[in-house]
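In order of appearance the chains are A, B, C, D, E and F, and numbering begins at 1 in each one.
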Amino acid sequence: MSIAPISKSGPFTHTTSSVPKTMLTVLLALVPATAFDAYLFGWPGILLFAVTVGACVAVEAGCLALAGLPMKAALGDYSAVLTGWLLAMSLPPWAPWWTGVLGAVFAIALAKHTFGGLGQNLFNPAMVARVALLVSFPVVMTAWVMPHPLFSAGAPGFSDAVAITFGGNLPDSVSAASALGYVKTELSRGIPVTQSMAHVPDLMDMALGLRAGSMGETSAILILAGGLFLMARRIISWHIPLGMMGALFLMGTLFHMLDPARYTDGMFHLMSGATFLGAFFIATDYVTSPVSKPGQLVFGIGCGVLTWVIRTYAGYPEGMAFAVLLMNSLTPIIDQYTRPRAFGRSRKGEPLPLEGK
Amino acid sequence: MKLFPIRGGIHPDYRKELSSEKAIVALPLPELLYIPLQQHIGAPAEALVQAGELVKKGQLIARSQGGISAPQHAPTSGRIKAVTDIPAPHPSGLPQPTIILEPDGKDEWTDLPEPIADPLNADPQMIRERVAQAGIVGMGGAAFPSAVKLDLGTRYKLEFLLLNGAECEPYLTCDDRVMREHADEVIDGARIMAHTLGVKKIVIAIEQNKPQALAAMTGAAFTFSEVDVVGVPVQYPMGSERHLVQAITGRETPAKKLTADIGVVVHNVATARAVHQAVRFGRPLLSRVVTVSGGAVREPNNIEAPIGARVADLVALCGGFSGEPASLVNGGPMMGQPLPGLEAPVVKGMSGVLALTAGEVNEQPAGPCIRCGACVAICPCGLVPVEMAAFIRKDNFDVAAQLGVMDCVSCGSCSWACPSHIPLVHYFNYAKGMINAQERERRKNERIKLLAEAHNARMEKLAVAAEAKRAAVAARKANLAAATGEEKVEA
Amino acid sequence: MKEYVLLIVGAALVNNVILARFLGLCSFMGVTTRIDTAIGMGMATTFVITVSSMADWAVEAYLLEPFGLGYLRTVTFILVIAAAVQFTEMTVKKVSPALFQMLGIYLPLITTNCAVLGVALLLVAGRMSFIASTLFAFASSIGYTLVMVIFAGLRERLALANVPRLFAGPPIGFIVASLLALAFMGFSGMSTN
Amino acid sequence: MTTQYRTIIRDGLWDNNGVLSMLLGMCPTMAMTTSATNGLGMGVATAVVMAASSLLVATFRNRITQEVRIPVYILIVAAMVTLVDLCMNAWMHELYKVLGLFIPLIVSNCLPLARLEAFAAKEPVLPSFLDGLFMGIGFTFALTAIGAVREIFGSGTLFADASLLLGPAFRFMEMHLMSSNMGVLMMILPPGGFLVTGLLVVAKRMLDVRAGKAIQMGGAHSAA
Amino acid sequence: MKPGTLKHAVILGSFCLGFGLLLAVTNRLTAADIAARALEDKQNSLSQVIPDSIHDNNLVTDSIAMKDARGKDITVYRARKNGKVSGVAYEIYGTGYGGEIKLMLGVDVAGKVLGVRVLAHHETPGLGDKIEEKKGDWILRFTGLSLLKPAIEKWKVKKDGGEFDQFAGATITPRGVVLAIRNGLEFFAAHQAQMTEGN
Amino acid sequence: MLIAVGSLTVMGIALGGILGAASRFLAVEENPLEEELKAMLPGSQCGQCGYVGCAQAAAALARGEAPVTLCPPGGRAVAEALARKLGVTADLSEHEEKVPQYAVVREEFCVGCTLCSKECSVDAIVGANKLMHSVIAEACHGCGKCVKVCPTEAIEMRPVPETLSTWHWAKPQAEHVLH
């Protein structure tokens, strides 16, 4: 009889799920929104997307080689593809190629592999890259364009796209402010929200994606669909998305009621910026969010509140990425304080008292 | 009956259909029986026989030692071939004293003790003694001497006896078959146990994926108003006694306490049947029903096997292997232990022998933890396996203990659910072993300190005594000298 | 009221003592291996900063300013701080030996924790009223404690990660601090709008 | 030169470098290194103060009681700093205009105090002086290096404004490596300070490993 | 007082005495020089917004205190040629992206800008800091302009329909600076008499 | 100038005084660390650590002169407890390798000289003069002192055997620890 020597205790049956399967499911959930965005922003968007994902995979391979780690298992878990994908979806679609490449270095080399690779990092790699790029190149990173659907009039052809992405020839005329950025700039000139809101796309257009923004921002409905798909597949639970969107919506609505001229309303907060992408795909990153459900709820609410605070009071128009990073930094502490109560023990870890004795 | 939810849990692939429709068959007497002296929790039994001795079926061949222990009986008549060390049916495969019996094929009974007449009115102490004599240990897996548990009524205020027919482990169908085929015996055993414990009520909990067993037990219990048969949800590990008690009563057993502290004693259904046989017929525990199953077994089956039969004999009865088994397991796939080989004997706590294919085990190389939280969500004990394992990996047992690693019931849910296939339970087993070893070492150091102090005290006393003696001698000498001097003077 | 809220938010988050003003970094890198130590150090420093800022305010207002002794500011401030620290050290040693053992060599180092002197000098530069300056000092040290505790939490998790050897220890600490500072950049511009 | 002095020098400059090994004096390290020139200036000023105060402490070390030692040390550092500040302001005004900002901050730099406690309080005058001086020079070296990296990536220049610090003769050092709007802004902002310091510690470790030395895993706290 | 206590007091006290003495002496020695240097610095910075050619007095000493439009205390430095005020310089404040921007504005008696310099700001490096003279010549283009040139409604950045360039991606800073200068000029227009009194 | 020097001096005197006084009132007695450490050591006074006995070993530990791994009989448990108490991280790898041992008297060589039983500090050796001695395995803590004194080399140290109740799972092969 050739039974392997006993080196491992039980159990002797395991779930069929695995890390690559999980990552692939998330990628699958992103496909509809990505395809639609590729259509909206045309060839420059597609080129940047390809460059970013490719660069992430290449940097991952490079880091693995430097660290002397096995290449196949790590590249085969698709986490680098997912990071690159989400990073690409958070960049201005017509940004130059080097944003994707530099972003890949920030995300994979700096935020992931200095910590030891998958699962070890403390901060969301894609968001580290996005924020580092935003802080370093505010002009490039806030140069949004209105959608120029593929094959529509005025959409850049493939060669124009090459010029935009690789030559840095962003036509001046196309740049447009994102809704959040617009409202914020106007407010700084003393123009009340009530007035500037007239110039932002209406909620329906925002939900469908007919507005300026990054790829991940512009198709709220498809992102929502992808998020619900992930929930149905039990890859993510409702705690983070609902906590985040709920908190954002409540803060927005409450303050809007107090002073409509100063504060935008809750619905606008939900539809604008990267709320949906953030709530379903970014804040939910396993590695950098708390492990327990109550912890995830706290994390989500924290993300929502901080997003609102940064959008409303701080210098940057969009706060989602910052909020996620800030809450990432609190994750270890949240984890410590939201451990489940052990069976037969009180929250403090003492054995429960015997009833009636 | 109103049921209460339990935390976490999983729904693995049950695969009970492999053997659930196979009626229990008896194993033909094998050529040799290997009866380990330690088949239970507690002190090992002490062999009473020597090589060459002839024994009858049911004869006591090893007696229990101390309060928590159980005796062994000859499963059939024959000659003792040897009392020697052979590898235990245990992952360590360490050699263990074992009685080897060569059956003579006659299967001749020894003189059994008299059946207890009207046990439901008998002195509980008498029943407990009978159960102890019969060598009955818990057949739900832990193999704790049952007589000790039947004594709980004298120390605790009990409400009811909970008969555990959950059988939540995948593959296993032995309890299912016992309940279907011997429902009356189980119920009778349960009533005897309830009487012994001094409780009026009996609840029998059976997972709802065993409708025939539920029906059979409900039918058998029909005439006894004090017996309730309850179908509980299919949710691994419903069979864990603390969780089962919680599901039935809503009460949570405090850590470091017994379910008896909250008024419930839990026994396995097969244990009840063994009690029935011991009390009604005076028969000791000589055999048990073992489920032999798994994808690598040609014809999975439920086998009533004499204690000491080799696993190989059971597998042979099932037509051998249909393919290369990847794992050979003693018990269920979730909580079972790997078997060191086919030569291992059947012991009292062995509910199943599984030969699993690689596909069933689905063992994959462990990857890094991605902190998905699956293990946290499903842990029925409310622990945080991901953190405990991380600390254990750094050999930080203190923190692991603080996080509750000693509260882990090793149900295996977390390892099952981990998408990175991290051997979490293995980490916990390792940590528990290390913590226990440290505790043993600490106790030993304490004992040694006491011994050393005693030694020092003794040495001091000796020194003082020696000193006193010397002083006394000196004094006597002086006295003597003085006396002689005086004498001299007088003289 | 609004100024005070802005003052507090500004001092605690936007211009965080550690992440934006670069003060008190040695303790930030040194005493943050465990959350409870970080809390202890944070509390000790909060106490010292608040008390010594009040004293320094008085020294500035009643001694240095009226007599034109501005050039003695550094010397006198640091003396006040040193005394406050040593007093705290002795008190902690007496009251809580456990805390003292934990804070170890860092208690005397609070004296050279630039956060203490830095905050005092910022107060003078800002010409704040007594209430405002006390609030500012307190809020600054709360910001200090907050970041210390967050960082300690991160490092506790870091201790369990497979950080490559070349990066293990201080370097990864710096990188985490860098990413934390990046995250805190999100608050920039907040006290003005 | 005796081995003791050689050790003192090597410790200060490299092996036990205040910034890269002991992780002390972190505040000026972060705050004053947005350019190589700033780093250099801060370093030089610190080195002067360190050498002078080490000398003084070593001289008086036997008269200072345990209870008042910290106040006295700090008083000495503060007095040295003020002295340097006043003199430079009056007589080296051009230099003061560049460095003036940094000088009061030296008081609260914990590197000088740490060296006073760890070295000057126990050793004779000359070694103490050398220790202060070379620790200061090592500090200068580290700050200049960090400043250089941050400046190159952040602003695309190197030693910009060096002539203001060192005099017009040093204009040749000022380099413009790329157009300023290509700089990675993050580098001259707080995150860049931490990042570059961390990466330089890694670089030092790589060199140490190549030289066959053991990596020093902790900072001052684990040495203590 | 216990003898030990006394000892500590004496040690610390004598060190304080010694170093206090040292510092006081140094201060005495350097005070005059330092004051002179400070004066020179001020003159140098004023000379950036008031050309040497239009005055023969000491700008720093010929100053008056006023309150600006927001009620903030400011010092107005006056340039005189042959005793007559030929120009004034004073601080003005604008609001940029990162908060207050402090500038020094020099105006001649005709209300024409003699020069503007940024004294302090918190704008983003690489974006808003192009208003510094060191980072570009944007700030220099105001020299010679007045409330009439360009017309008052053109005192805006181009994005808002005015005359002045903004920087790529940063409109708020230039907007703040332009507004500050315009307000500064209006302040001069309103208070010319007081500022040039004695003419 | 007078004010400057005067105020600074007064401040110095005052602060020095306060600190001096404070150091008196807030003084703490020397910490009872040594006692605590002694309590943590096995107390068998075997001397394997190189000190005369546990008390001296404790004193050396308290002075920071001895490593926490000094005590072989105490084993890993004591080393860890000491490390925790003293707040140091100890390299315990060496301790892990050491298998616990116990002494066994080989009957055939024992002449019953009683030297060993006198040497044993825990009275683990029993036997009368001129008669075979034997070791009570549960009491022996494996210090090995008896081996050294036995004139006939009858005593040998053997590793404590592993039993079903002491066996436990080894650390999993950490395949996922990629480094």
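The rule is simple: contacts are C-beta pairs under 8 Å (C-beta built on N, C-alpha and C of every residue); 3 or more make two chains touch, one makes a residue touch a chain.
Only a predicted model underlies this, so the values are computations on that prediction, with no experimental measurement involved.
Under the touch definition stated at the top, chain C and chain D share these contacting partners: A, E, F.
Using the contact threshold fixed earlier, the set of chains in contact with both chain D and chain F is A, C, E. Chain centres computed from CA atoms place B at the largest separation from chain D. For the pairs E-F and A-B, the larger set of C-beta contacts lies at A-B.
In this assembly, the chain whose C-alpha centre lies farthest from chain F is E. Per-chain Cα centroids separate chain C from chain F by 41 Å. Our note on geometry: chain A versus chain E, Cα centroid distance of 45 Å, whole angstroms. Rounded to a whole number, the gap between the C-alpha centres of chain B and chain F is 37 angstrom.
Averaged C-alpha coordinates put the centre of chain D at 33 Å from the centre of chain E.
Counting partner chains per residue, chain B has residues 91, 365, 367-369, 393, 420, 423, 426, 429 touching two or more of them. Touching two or more other chains at once are residues 8-9, 67, 110, 116-117, 120, 132, 135, 138, 188, 315 of chain A. Among the residues of chain C, those touching two or more other chains are numbered 71-72, 75, 79, 82-83, 86, 162, 164-165, 167, 171-172, 175, 179, 182, 184-185, 188-189, 192.
All chain pairs in contact, by the document's touch criterion: A-B, A-C, A-D, A-E, A-F, B-C, B-F, C-D, C-E, C-F, D-E, D-F, E-F. Contacts from chain A toward chain C in the complex involve residues 67, 110-111, 113-117, 120, 122-123, 128, 131-132, 135, 187-188, 306, 309-310, 313-316, 319, 321-323, 325-326, 328-333, 336.
On the chain E side of its complex with chain A, the touching residues are 97-98, 124, 126-127, 160, 168-172, 175. By the touch criterion stated above, chain B contacts chain F in their complex at residues 38, 88, 90-92, 94, 96, 365-369, 393, 395, 398, 420, 422-423, 426-427, 429-430, 432-434, 436-438, 440-442, 444-445, 447-449, 451-456, 458. Those residues of chain A that touch chain F in the shared complex are 7-9, 67, 69-70, 74, 116-117.
Remark: chain A residues 1-4, 6, 8-19, 21-22, 73, 77, 79, 117-120, 286-293, 296, 335, 339-345, 349, 351-355 touch chain B in the complex.
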